[in-house]
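Okay, here's the structure, questions in a sec.
Letters A, B and C mark the chains as written, and numbering starts fresh at 1 in each.
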Amino acid sequence: MQEIITNLIQGFSVVLTPMNMLLLIVGAFIGMIVGIIPGFGASAGIAILLPLTLTLDPTSAIIMLAGIYYGSQYGGATTSILINTPGDSAAVASTFDGYPMTLQGKAGKALIVQAIASFVGGTIGVILIFTLAPTFAKVALKFGPPEYFMLMIMGLLTLIWMTDDSKLKGFISALIGLAVATVGVDVITGTPRYTFGSPELISGVSFIPVTIGLFGIGELLFRVYSGSHKDGKLENLDLSLRSKENWPSWKELMKAKFTFLRGSIIGFVTGVLPGAGATIASFFSYSIEKKVSKEPEKFGKGHLPGLIAPETANNGATSGAMVPLMTLGIPGSASTAILLGAFLMYGLQPGPLLMIERPDFAWGIISSMYFGNAILLLINIVAIPFFLMIVKLPYRFLIPVIISLCLIGTYSLNHSIIEIWILLIFGVIGFFMKLYGYSPAALVLALVLGPLAENTLRQSLIMSESGLGIFITRPVSLLFLVLIALIVFYPVFKRIFMKTQKA
Amino acid sequence: MKNIFTIFLLVVSCFYLSIAFTFKFFSNDIPGSGFFPIVIGITLIILIAFDLIKNYKGNREEKISLLHISIFFKLLIVTTVYIAIFNILGALLSTILFMFVVLLLFNENKLKQNIILGLTIPLSIFILFEFLLKTGLPQGFFENIF
Amino acid sequence: MKRFLTLSIVLAVAIMTAACSDSTSGKASSNDKYPAKTLNVVIPFGPGGGTDLYLRKIMEIMQKEDIYTESIKIENREGGSGAVGWGFLETKKGDPYFVGPTSGSFFTTPLVSETAFSYDSFTPIALMGADDLFFLVKGESKYDSLEDFIEAAKSGKKMKIGGVGQVSDEMIVPNLFATEAGFDFDYVPFQGAGELTSALLSDSLDAIVGNPARSMGQIEGDLMKPLAFSGIERLKQLEDVPTFTELGYDVNISQPRGVVLPADVDDEVKDWWIEAMKKVAETDEWKKYILENGMSDYILYGDDFSEFLEETNTKFKDSLESANQ
């Protein structure tokens, strides 16, 4: 306990200087903007600003870059809620209940709740880092390919909980996602699959154009098809913050208190595992929340917990990913990999000794995350009136702006025209999926989890001396297996149990 | 219409599966590069076929709203052209043209407004990306003038 | 008529605006003093990676020391293990305002996929350092020396050694080592260094190969132990780690950290660049960078670099062929 307080004090004293606070605010703000622009994510933002930070001292520079990193999680959800266009894949799950809320005229409430949820998720995450970082680091060290494979299976199972309408169509959507994921060079054998000679396809179909296409463009096409540009439904609603209806009530928030907690913890723990990040965390959290809820049928229709769960999770995960980065020097995701690169650029050696040799740096960064989250909460709430103005704009103006932003945003990532075509193609696919009741969410989740599942399975089998036995001989993997069995067979047991009771 | 989409999916899945067979199913005693594609392909075909049968058995009712279908297609075509000329005319010019045409489609009879919006918005987007974010946007054939 | 007029006004304004934007390409006339324009740096990989960092550092030094007097624009063009970025650079033949890096994939990607470029499609300027690999086992592992490891490998236990990528220097080094030492093993490929490291630390692998810059922190923190180094000489930062060659195993293949320009640039430009790189190499900052990042201080210019590229390509080619048997 004593140590925690010392770290806190040290960390705070590093952050609370005018220079660092200024950089923090700038970084967080830029992060938010970057998150809002479709396609342009934290990785790109950090990469661009990296050269500008070279004149600063390492701690200050990283405080700013870290601000961009977790700030982008706030921004990404804004477009998810307003126009069903996730800024990155971690914001996809926020479209499920966030966008319906906008369509119901509750955009203001959705944005406020999103900001609060992100704040809670991020802050609980920071608290967990302060108190339990070494413990979590040890847990992360137990995870090798077999454990990750089990995690992936669990993730794919939660897919089933996520889809309601047609399970069959949900499966088909997921399989399509898995199929798209196989495009590219197979990591294990080096064989190119479905690349048709194009160098851009060698690294596979990136999920950004797919996600933005399916959700953003797909929804846009659907709205044109349904005549949104003519009926002007949303434009005449009173969305000002002065109206009490547009603020979430204390009662509503309290009712969801466990959702806040669950989401943050699920997010944090998922983020700690290198390789599993905010995207997987947000989906997990959503599915679990829906499963344990007493009102599962409300999910997907503008239900507050349905927005809170993924939002707390993705911010919790952002905090969680700092654990392996700081304690072990292992990057958990693309954005943390760039942060790691930044550390190296400044001559900082990420690894177990970093926290011991440079506690001012390590705890300074972590403390900055706490302040960053608080500042972002403020910025978001203040900015909401501006965001709401977007919703009130006549849709016919938004149409070309959304399309060109999505297009240019996606292009700016890899300068690839093929990716823009993918954007359009998946936009059309997304439209049909929406029209005929398929699940774009299942597709995206499968696209993210698929490669990890395939690679870890095969890696595990290469490593195993006993074929599939490796999954049973390793304790953590065995634990997962038991959990999965319980989850899968629980309904069956329940039915058998009830039948024997009746007899 | 629904069936056409489902049949389209089926055809693509068959194509996917046929290529999947060219990869090794197993190599060195572990699943090879063909394992997952083949399993995915076969499962896809079975499930889609199921879905197709369900569609035929179930209600044949299908209402496609044709009200806005014309503008829908026009938007698709314009967007396709936009992507096609993106590299040729450069980001700025193609976005200006795109925005202008789409506004003409949706915001009828407001020529002046459309011209102004069609110039200022793409310009702001261009400035944002090219100068503030410093991502390189294509300049089309303008690149070779200087 | 009115429509036509407005349309042509629109077009004219558009052309003028495009004309005013920062145009950064075009052939330099031979009367211009080089450099006269913005330099475009094309990095075929994502930001934060090894290749990205060293080239950015070189550019940083060039700007700081006023070696390159115009502005420098850095662009990441990821995809296809370098195929996209280098493919793009190859199309800029004759343009002296583009520059790119080299790495292991510079050789391996053209050898395994049909790319528009190969290692000799560019103008080689200089080799600024080389990245070699450590052979690493877990810190608490029972192997204290390379010999221990080889002994265990030969006595029945089939070792699992991991690296990033199936076609990369990380695959070639263990393969060469195993062939030289005479044992059989299974290579486990991973997509990224993060997963690779956690695989070793979670007891899923017996050993991995690792880049010094990234592994240094874990080595110093006793999470991992280096048993050998694949460079020509021992690394200054970890002087008590023997090289493979010292121990009797001819395993030496590194990731060359070089600088290349597109093909067919003027000789003056090429010479300018060689001089510029010499200046960069002499700066304290570059020397510090090499030291801190565990790179080998191996510097070559111009034709020496050309020859080196040729030799390295042959090494990679032979290794890939023997590994695939």
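The working rule: a contact is a pair of C-beta atoms (placed from the backbone, for glycine too) under 8 Å apart; a residue touches a chain by one contact, two chains touch by 3 or more.
On a predicted model such as this, the values are computed, not experimentally measured, just so you know.
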item: Innermost chain, taking as reference the mean of every protein Cα atom displayed; value: A
item: Result of counting contacting C-beta pairs for A-B and A-C, higher pair; value: A-C
item: Interchain centroid distance [CA atoms averaged], chain B/chain C, Å; value: 35
item: Whole-Å gap between the CA centroids of chain A and chain C; value: 31
item: Rounded Å distance between chain A and chain B, as computed from the means of their C-alpha atoms; value: 24
item: Per-residue overlap in chain B, given as positions that touch at least 2 other chains; value: 134-136
item: Residues of chain C whose C-beta touches two or more other chains; value: 75
item: Residues of chain A touching at least two other chains; value: 44, 186, 188-189, 415, 462
item: Of chain C, residues touching chain A in the complex; value: 46-49, 52-53, 56-57, 60, 74-81, 83-84, 87-88, 112-116, 158, 160, 165-167, 186-195, 197-199, 201-205, 213-214, 216-223, 292-293
item: Chain A contact footprint on chain B (complex, rising order); value: 2, 5-6, 9, 13, 16, 19, 23-24, 27-33, 36-37, 40-41, 43-44, 47-48, 50-51, 54, 65, 67-69, 71-72, 75-76, 79-80, 82-83, 86-87, 91, 95, 98-99, 102-103, 106-107, 117, 121-122, 125, 129, 133-137
item: In the complex with chain B, residue positions of chain C that touch it; value: 3, 6, 9-10, 13-15, 17-19, 21-23, 25-26, 40, 73, 75
item: Of all residues in chain A, those that touch chain C in their complex; value: 43-44, 46-47, 50-51, 54, 140-148, 185-190, 192, 197, 199-203, 274-275, 324, 328-332, 334, 337-342, 344-345, 347, 349-354, 414-416, 451, 455, 459-460, 462-463, 465
item: Of chain B, residues touching chain C in the complex; value: 90, 92-93, 96-97, 100, 111, 115, 118-119, 123, 126, 130-131, 134-136, 139-140, 142-146
